[in-house]
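Worksheet for the structure shown next.
Each chain carries a letter (A, B and C) given by its place in the written order, and its residues are counted from 1.
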Amino acid sequence: MNKKNLVVIQLSGGNDYLNTIVPYESGLYYDYRPNMGLKNEQIIPIDEKIAFNSNMKSFKDSFDNDNLAIMMGIGYPDPNRSHFRSMDIWHTAEPFESSSIGWLGKTVQNLDPENKNPVTAVNFGKGLPRALACPGVSVASVGALESYGLFTGVSGSKNRDVLLDTVDRIYQPMNLDGIPSLRLLETGRGALDGADLLSEAPKSYQSDVEYPEDNPIAQSLKGIAQVASAKLGSRIFYAQHGSFDTHTDELKNHSLLWQQLSIAIDCFQKDLKQQNLEDDTVIWIFSEFGRRIADNGTGTDHGSGGVAFLLGNSVKGGLYGEYPNLEPSAQLEGDIHYNTDFRQLYSTILEDILDVDSEKILNEKFSKLSLIK
Amino acid sequence: MITSTEKKTLIAHLMRRAGFGSNYNQLEELSYLEYDEVVDQLLNPEFGSLEDQDLLDRYFIASVEARTARHADPQWTWRLAKSNKQLEEKMALFWHGLLAVGGIKLDHGLAMLEEIDLFRKYGLGNFATLLLKISEDPGMMYWLDNQNSHKDAPNENYGRELLELFSMGIDENGEGAYSEEDVKSAARAFTGWASKPTPPPFFLGPFPMEFNFDESDHDNSEKTFLGKTGNFNGQDIVDMVAMHEATANFICKRLYLYFVSEEINNEEISKLSEVYLINKGEIKKVLEYMFKSEHFKSEEIRFKKVKSPSDLVFGITRLTDKYEIPNLDSAELAVNTLLMGQFLLNPPSVEGWHEGEEWIDSGSLIERINYASNEISNINSQGVKNILNLVIDKDMSNPEEILNNCLEAMGYIKITENTKNLITEHLEKNKFNNDQEKVLDVLKLIVSTPDFQYC
Amino acid sequence: MLSSRINYSHTIGIASFEGRGFMNPIELKFHNEILYVLSRSNGSNKNNRISAVSLDSEHKFEFANWGEENGKSILPTSIAIDHKNQIFLSDEHLNRITVFDLNGNFKKSWGEFGSDENQINRPSGIAFNKDNHIYIVDHINSKIKKFDEDGKFISSFGSFGTKEGEFNYPWGISLDNEENIYIADWRNNRVQKFHKNGEFIKTINSFKDKKINRPSSVHVDDRGYLFVSNWGDNSVLIFDDNQNFLSELFGDATLSKWCKEFLEVNPEQSSWRENAGLFEEEKRFWKPTGIDTNQDLIFIADACRHRVQIYKK
């Protein structure tokens, strides 16, 4: 069945592809990266050409279990090296026009046309990513599950409870008299109900997995496991990790970020197994762009083209696409060329994971990738 | 004879719409004037730099060389929260949403601030002048790709948006009062209008953007535009467009939607268009007519417009009178509007924001309620202290009276009977340790109601 | 005559949010061949830190990054190094003085918000006297306050106003060899000189036919020469030991080593720069702030250009 849940992990800031999947047999790589070419114990070979960054241990395990698909060289036409614009393009699936509607927001609208379930999509973090924004679509945006909802700044739980009780009585469709719009009352209703559902989720959750406290992405994934295990009908989960904007001090920062993510993914996969969700959940990891082929001494600057991962029991593991050519003649203004359009991946996610007609979301038919078992 | 409360209630309505609202003490002061005099005062601000500009620059030095829109935030939000020239600021926000430039593509905070200042300076003046100024704005030229528009290969982006989104508009069927030929002619007339190249900001920070007219890249040949033929330059196009009936209608409709009501009233809009045309595009005259009309003043208009995130956030900062001098908190106010769906200095597209009901989704409503209830119960803010004093000094025995006194102390606002009853019940059935707790609960509840989302 | 001898030397710096480079440097101190540069950033952007660099642009380490915990800072204003080789950092958001060793290790912190004599409200410039007592420009309280190095209040002078001995949002501070105190009385557009007991000596508010405009920082070197950052008009003023005007600098920066490296690996950025051709504008100060000197060199923190311009005396 093609009805799975999607967990999105956005690597914000521009993940350095070349130091994530390392072309360790390429002399050019070390020529361009005199200060930060990874070698020896800094890498874990995948084959005779490329290797994982050694901080990605759990990725290597998933790869060996055929559960990790690596899309080598994913991107969009006319690359833009501004974080925001590039992220906008990924979020709206619109490489040419500026748009305010997120592709996953549109997807939620498709999954739940009557807006019945306020937690069809749940974002972990402050503020909604544009990917999930769509007029008329309710998406819950959660900082911490335990304290999610209204009056979170009010001190004293007793006061919070009585305030919530009154507000709950105010946001009832029957109180329309004099309020200009029913929709506002209904939105309030959805917000309150969604908050109730989500704050109840941790209570029924049981797990032996211990997510490290000082690892923010692990904590986000724990929240996702809690909500997923409560079976509230949530289909899309969103979390962010970063910052990958490693202009300086890259060796230290980039390693730490992947170490955190690797540990977080390891915990999450174990947890999914305990929750019996491991066959129904697919993790997708992406970043707005890769970075320059050449280093700048202590880091790398904004580039284009990058790598994306799909991870899960139902994923057909392996390498997809070709590793980018680093030859000067094959470069795009000092960057790698992409070879897979990101919308091909999107149409795969839409149809084979979420079971949504991709053309309705992307306005165009893109050839799918064969990534799901 | 209008009572003093009625007058204050009316002025409060004006201030919520033509600005971000006035608090109880400010309304006391304003009510010494006649309503029309308050309108005149709003319409005639003195343009000039901000009194505390030097302090802003000192405390937020990165906003002086604002590299991105986000770096520029502390500069604009301070004015939105503090400026006494409320209509000037509200108009800057109006034009920022109509002649919209997105800070993320432009990626130049300094240019964004220049643009907001342009809106302050020309936003209440003649529309033709404003259109000309924005056409000479380097940020706008860059945003709409006019630097890629050349004599031998005009780029139509600016020409098209100028007609479609900035002046003449299109109807529901996508039809405008202009043709594709007019778009092409406008684009040709604007060839050679561009921003000068600046060094990238990645090593020394940004350099101010400048406009440049390149005569040698300008198409000097004859063009036909809106039925007239001549060797038109951008300025000629702007002059013709600004005085077109379709422009009068389009701009007046947008002003009506922004200041009066989200329900289009063609009769009122055509009255405004007439004022616009008679006064040759003087925006101030249109606004004067609008604010002084019986239609604007009528009860049926009040509390029917959904507050934008800026209306809500800056309404609350003004009501609570939270800031004396700039601090880290005031510098981050834009984060609050962002979480409610309005990314200041970065409207989502050249169409600006979708206003009205679209502001509200469940996530943004939670942000609104949490922000407003936190701020209105922050007893360190001078404005909150004032409200508490006003209410506690009066009758504290009758829940209904407490609620009414709170509504008055919050600037003569109104909520529905249902909501009133539920808040009164809240007071009746819960126990409070003291009067302050009681009043703070009422304040928190008022700002959490659906009623409070309207202005 | 100094004005004829003063020559530009070189520039250190590049705009950077972390690590090698600076983000709005507003203060600096040169000590044991290390230049300590304080990046202010914006508070909300969280890029503030103290960077330790060598004169040939080697980024050694950084500390006092964004945060409220011990050893961190939110809105840092100034640094000073005492006679025991300790670095003091003032923070006007936390109303706190933090003490580090020369390697940036946290030692202690103190400071209490308020308007009482032993309290501070937005501390700006800081400087030490020979007794190792610290002067703090307590700028919202319009006072210059003296504490011992552990934060015990000793004395203070000044009040709000525009008259002699009064202050209006004062900012920088420096002491000469005789421990006379110079204050950049920022909003009063003047520098005031005081005897070490707080007695007013004189006002410096003009040079040639011009007025000083919002002076941010003052520095007196070992010869008694006075350097003033004329922040409002983007220049640096130099006066002799009798406070007679000598010279005005507008900035002479060339590309730093780090900027050159950046442009080399980013050729399209380099061509944009060439294309813009604003080479004269690139040289100029934009909101110059902190100044320090040693026997031979003058260091100027060029806040909005993310660099330190260095001159030879």
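Here is the rule we use: a residue touches a chain if its C-beta (ideal position, glycine included) is under 8 Å from a C-beta of that chain, and two chains touch if they have at least 3 such contacts.
All values derive from a computational prediction rather than experimental measurement.
Chain centres were defined as the mean of their Cα atoms; on that basis the chain farthest from chain B turns out to be C. Across B-C and A-C, it is B-C that has more C-beta pairs touching. One finds 34 Å separating the Cα centroids of chain A and chain B.
Each chain gets one centre point, the mean of its Cα atoms, and the points for chain B and chain C are 39 Å apart. Note: centroid distance chain A to chain C, computed from Cα atoms, is 43 Å. Multi-chain contact residues of chain A, defined as those touching 2 or more other chains: 301. Shared contact sites, meaning residues of chain B that touch two or more other chains, fall at 202.
Shared interface positions of chain C, i.e. residues touching 2 or more other chains, are given as 262, 266. Residues 82, 84-85, 88, 98-100, 118, 126-128, 133, 135-141, 149-154, 159, 162-163, 166-167, 169-171, 175, 177-181, 183-185, 187-188, 190-191, 194-195, 301 of chain A touch chain B in their complex.
For chain B in complex with chain C, the residues that touch the partner chain are 54-55, 57-65, 67, 70-71, 73-74, 196-205, 207, 325, 327-328, 331-332, 335.
Remark: chain C residues 14-15, 23-24, 26, 40-45, 74-75, 92-93, 140, 169, 171, 186-187, 214, 216, 232, 255, 258-259, 262-263, 266, 269, 272-273, 275-276, 278, 281-282, 286-287, 303-307 touch chain B in the complex.
The residues of chain C lying in touch with chain A in their complex are 16-21, 59, 261-262, 265-268. Interface residues of chain B facing chain A in the complex, by the touch rule stated above, are 102, 104-105, 107, 202, 303-304, 306, 338-339, 341, 346, 348-350, 354, 357-358, 360-363, 365-366, 369-370, 373-374, 377, 416-419, 422-423, 425-426, 430, 441, 444-445, 448-451, 453-454.
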